[in-house]
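Pasting in a structure now, in structure tokens, and then I'll have a few things to ask.
In order of appearance the chains are A, B and C, and numbering begins at 1 in each one.
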Amino acid sequence: MQRKVSLFVPCFVDQLLPQVAVDTVRVLRRIGYEVEFPEDQTCCGQPAFNTGYWDEARPCAERFVKVFKHADVVVCPSGSCVTMVRTFYPDLLAKSSLREDALAVASRTFEFSEFLVKVAAVTQVGATFPHAVTYHASCHGLRELHLRNEPLQLLRQVKGLKLIEMTRSEECCGFGGTFAAKFADISAAMGTSKAENIAATEAEYVTAIDPSCLLHLQGILGKRNAAARTIYLASILAQEDPPQKSPPQERP
Amino acid sequence: MPQTEKAQTENSSRDQILQWIRAGLRAAVKVEEPAAVSDRLIFEPVNNPIERFQQECVANLMECARTADSAASARQLAEALQPLPEGEIFVQDDPSLRQLVELAELGRTIRWSTQGAPAEASQATVTLAEALIAQTGSILVTASCGGRGASVIAPCHIVYAKIAQLVPDLTTALSRASQGQTFDHDSFACVISGSSRTADIEKILVQGAHGPRRLVVILQTGT
Amino acid sequence: MSTAAQRFLQDAAVKSADLMHREIIQRGMDSYDAAHLKGRARIKDWEAARQKCQEIKREAINHLDRYLLQFEEKVVARGGHVFWAANSEEACAYIKNLATRRNVRTVVKSKSMVTEEIHLGPALEKAGIKVWETDFGEFIVQLREEGPYHIVTPAMHLLRGQIATLFQEKLGQKIESDDPAYLMAVARRVLRQAFFSAEMGISGANFLVADAGVIAISTNEGNGRLCTSIPRIHVVVTGIEKVIPRLDDLAVLWPVLATSGTGQGITTYGTLIGGPRRPGEADGPEEFHVVLVDNGRSQLLADAEQREVLHCIRCGACLNICPVFRHVGGHTYGTTYPGPIGSVLTPHLNGIMEFKHLSYASSLCGACSSVCPVKIDLHHHLLQNRRNATEAGATKSSERLMFRAWRHAMLHPRIYALGGWLMRNSLRMVYGLGLVGSILDPMRVWNRYRAPVPLPSESFRARWRKDRAAN
């Protein structure tokens, strides 16, 4: 019997970065998992929650719990969305009738790299990516989910990949959701500092476990006509030898 | 009228603030109570206090001179004071320091602590200490060590200490101060771990700010 | 939007673009980072140290009345005075009246953020009393007529050349060099006259030790020592939350404060004062006054979620690691306390309506919480402040409406999918017409600093459905 996971796709990935989810599915299938995508899903509620609108976030969270209630395992290509479910749903839904269900779903929800390394117990996924890559340690994955080594373990197993450490890899890229719009100047300044650290590595690609960071960095790097391009972790792991297609072009 | 009552009547907000505090504390707080953490887990135990103290002195930009007896200590004192410009030296009035100063034959004006506070233009102060602390390379002084200014007014502060005064760590020094009820008889104490300093300009370390530039410990191992 | 919020946005815009400022701060923070790592290495188990400090402060705050009363009793028994001030005005009035009654003409002050909070300097100056800031960094910013840039290193935004020029202008003497040691020597000479002529010394306190009945001050320069030794009156200004239960607690709090604050193993001076000079002591102030300032702190006690914010030992570590602080600097916040702790605390002390924007001026990266030596969950408190702001009706009605619409879409997958489709295609049109960055561009804030977001031809769910239908 094939093992099955339910895919939780962040709303902005669904609408703006579908390749992130496509590559996540590809890798999960390659390591022997059947992937189902509950088409009813919309959003985990993070945007409203982070802006302080907990009353608006709550029904979204409850809906999410109902959509994924029967999933054995939920996998999501985003550290911040998984953080919402695991770290914040308990507080947000403390008084909800769905509180117990929420805790149960939370205990079965994993970020993509976390799932590979800690649940599937796999670091070698048969990937080839002969490029210089630097890693940005997205904040939620790092500080809320405590994922420091898992993404690096996966990257080190990729054939041909040269991993270069950047200065201050753990410093925030500056996205922060609505922060990027409300405090655009600060957000951009933080992004620029990160872009400078990326440039100093001379890596061709920067990767992370949070596509929202990569969306923001892609914008910053693009504006600077920087050499480095962003690529989501699963998109690297999805690359095989011989390459199925040329490395993703992340610019419109 | 007892002091505390007097304080109460002159300070109308006191009761109000206490009321607010007590009301605030009644709010239920979600607290997980993890096991209390033992101090021994936090710092590496100090097994070699003398070496550790000397290492820390170097790191703290202090001078530490080990001497075998009073005669050697007296010579160290003279040596430490020799390069200083003309001027008064302030010394804590204690029999061991009286003896030391006599042995050293300094040929300088001495102001003893029993005569009052150190003068602004003092070139150096000489005091005893309550204890030495190996963990941090510190000296613990109190008001009984010649007063408050004695360890800070002059550009050079010299401490005359015996090896028996060396304790391994801050915990020991502080618990002894508690048990000895230091503050029942001293209005002031200070744990001093180096020469005064600042890094307020571009985070560049400057040794010697408002307090002494030189802190010298004469550590006598014998009698 | 409050005027404080408007000013913040303006200042943030200016500072974010100031590359010189960024370089100076980066250099300062690099220096701190290196020292901090060395300091951490001296502690065998840093996590155990943090936990111990959290426990000490928790015990102190959860029994605040008991420990404050214990402290007061001991100080008063030794002839000291303890004054409980409900707010800034009461604290300033007490000190000003004391100074006036005792014919104080000159005050020397060592560093105290609480005295900034209550605006003590201006209150005394108005009464005709000259106040000298004696901490080197505070002395510098006082000459510049600005507030401290950072709670531990007040002048870290300045280069030596600027300080040399400042001294030349304001001190009326020829400044021969911009060497830091030379400049310190100049300040030493100037301030020494103040130390030896002032009638009153004012200090803060890092800790109020309940069982010993003493204040504890951690310093490096010696100015705090002189302020509390020479003038005949010593006044301590402190928040009520600074209390700790036992003298022994300093064995871990002192090294942790020093490590987090500057990277040192311990600060040069750990001063402990329990009262005025005793008979037989060679020197020391004749009077000792401790002003306990509430100013909103007792209210924070009642906040079950955020009471732990009172555990703060004002080490500055959260400021140092915060990427927002590193890009806009301390003055941009426009508050007594900048950085993450300032953003969490200020709405409680100064009102949520005016200062809620600080809680939003964060990407919630959590670096602050990860370094806080007393384990305050700072970034989660920022989230709670945001929730408190919306519940208090302090946010824009347009934003409230927007999230209500957002909620509706998220509860109805077809509306969500349609909304997404509309967004992508309207952006495609905007790009196609070359209107990127114009008033018609809904992403113009994004596009000011970034290349436009990619526009895939279809969403993931559309593609999934197509792939499924094909199989």
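In this section, a residue touches a chain if its C-beta (ideal position, glycine included) is under 8 Å from a C-beta of that chain, and two chains touch if they have at least 3 such contacts.
Since the model is a prediction, treat every value here as computed from it, not as a measurement.
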Quiz item: For the protein chains shown, what form does their contact graph take: line, ring, star, complete or other?
Solution: line
Practice problem: Please give the pair of chains with the highest number of C-beta contact pairs. | Solution: B-C
Practice problem: Starting from the Cα centroid of chain A, hunt down the chain whose centroid lies farthest away. | Solution: B
Quiz prompt | Mean-CA-position distance for chain B and chain A (Å) | solution = 54
Exercise. Please work out the Cα centroid separation of chain B and chain C, and write it as a whole number of Å.
Key: 29
Exercise. Find the geometric centre of each of chain A and chain C from their Cα atoms only, then give the gap between the two centres in Å, rounded to an integer.
Key: 33
Practice problem: Using the touch rule from the top, collect the residues of chain C that touch chain A in their complex. | Solution: 9, 12-13, 16-17, 22, 323-324, 326-328, 360-367, 369-370, 383, 385-391, 395, 399-400, 403-404, 406-407, 409-411, 413, 416, 420, 423-424, 431, 445-446, 448-456, 458-461, 463-465
Self-check item: Contact set on chain A toward chain C in their complex
Solution: 9, 11, 13-19, 21-22, 37, 39-43, 45, 47-54, 56-57, 59-60, 63, 139-140, 143-144, 170-172, 174-191, 193, 215-216, 218-223, 250-252
Exercise. Please name which positions on chain B make contact with chain C in the complex.
Key: 3-4, 7, 11, 13-14, 16-18, 20-25, 27-31, 34, 36-37, 39, 41-44, 56, 59-60, 113-114, 116-118, 120, 136, 138, 143-144, 146-153, 169-171, 174-175, 177-178, 182-183, 185-204, 206-212
Exercise. Under the touch definition given earlier, write down the residues of chain C that touch chain B in their complex.
Key: 24, 27-28, 31-32, 43-45, 48-49, 51-52, 55, 58, 62-65, 68-69, 72-74, 76-78, 81-86, 90, 134-137, 140, 153-156, 158-160, 163, 180-181, 183-184, 188, 191-192, 195-196, 211-214, 220-223, 225-226, 228-230, 240, 246-248, 250-252, 254-255, 262, 265-278, 281-284, 288, 292, 294, 298-305, 307
